[in-house]
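By letter and in written order, the chains are A, B and C; residue numbering begins at 1 in each of them.
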Amino acid sequence: MKLLIAIVQDKDANRLSNQFIDNDIRATRLSTTGGFLKSGNTTFMIGLEDERVDEVLDMIKAASHTRQQFMTPPVNLDAQLDSTSSYPVEVQVGGATVFVLPVDQFHRF
Amino acid sequence: MKLLIAIVQDKDANRLSNQFIDNDIRATRLSTTGGFLKSGNTTFMIGLEDERVDEVLDMIKAASHTRQQFMTPPVNLDAQLDSTSSYPVEVQVGGATVFVLPVDQFHRF
Amino acid sequence: MKLLIAIVQDKDANRLSNQFIDNDIRATRLSTTGGFLKSGNTTFMIGLEDERVDEVLDMIKAASHTRQQFMTPPVNLDAQLDSTSSYPVEVQVGGATVFVLPVDQFHRF
């Protein structure tokens, strides 16, 4: 038995949560904040048999790894004449941090 | 030293919290959500000497194990003529998930 | 690799959070409640290389250890004639509980 603690961006959390449900993985969800920008993120606690750990790590990685995304910046009304302001820009989104913890005992009552 | 992480239903959390206080057990409480219905639950983090683990597991089990309860469904105003709608029905409530984690160091400052 | 779980008073949390940022320590922050008075506190989860554990324990201790502080009690409008009510009194503030947990695997995606 292991306890996975996975911290993901809020924008990736719902998709991941649905995948857990589809795969019969019971996850408990916490609202957390983190890092320099104090942005909201989501922490999942997931109890797992050892033989399912890799499968769930792959799922988390696929749903929330760091990637580049094109985003159209919001129009700045004070700069209407600056025609560059509405071009899409490439930003980095996603990213996950996962701890796999040993478990001495697991109980369901 | 162990760290217990116990996830219980919100409706069982206050009673359990009072029992912890009565028994000098320091618990930190988190608001969490979980499972298919995204229902609210409560997670307790409890640091314990090894010899108190079984006592606290028993306490959690007694306060929050899965059990049947009779509940009167709310009256449905659109179905006033259906006389069955106010009969009590048996529903399953409660249930707890507990992880007992090993601890390398414990400090109180 | 270790996972530190540190529970501190809300009033000490922002200072500590800034120190973590200044020292390139990534911490995830949870809103929690605890103890007899159900006062709000803050829990930090911090993943650390073994060789940084002592440094971070010192940081947590310095920022949030139990200490005496003088506080002027709020003026009680019903007791305006009681001249003792506005004298500063000594109260105990702060205090931190820290668990250092072993980690089997750590991933950043």
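Operating definition for what follows: a contact is a pair of C-beta atoms (placed from the backbone, for glycine too) under 8 Å apart; a residue touches a chain by one contact, two chains touch by 3 or more.
In this text, all values refer to a predicted model and were calculated from it rather than measured experimentally.
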item: Neighbouring chains shared between chain A and chain B, ordered by label; value: C
item: Same-site or different-site touching of chain B by its copy chain C, using the half cut; value: different
item: Averaged-CA centre spacing for the pair chain C and chain B, given as whole angstrom; value: 26
item: Contacts with two or more other chains, residues of chain C listed in rising order; value: 30-31, 101-102
item: Chain C-touching residues of chain B, taken from the complex the two chains share; value: 3, 17, 21, 26-31, 45, 47, 101-109
item: Touching residues (chain side chain A, partner chain C) in the complex; value: 2, 5, 7, 30-36, 38, 41, 43, 53, 57, 60-61, 64-66, 94-102
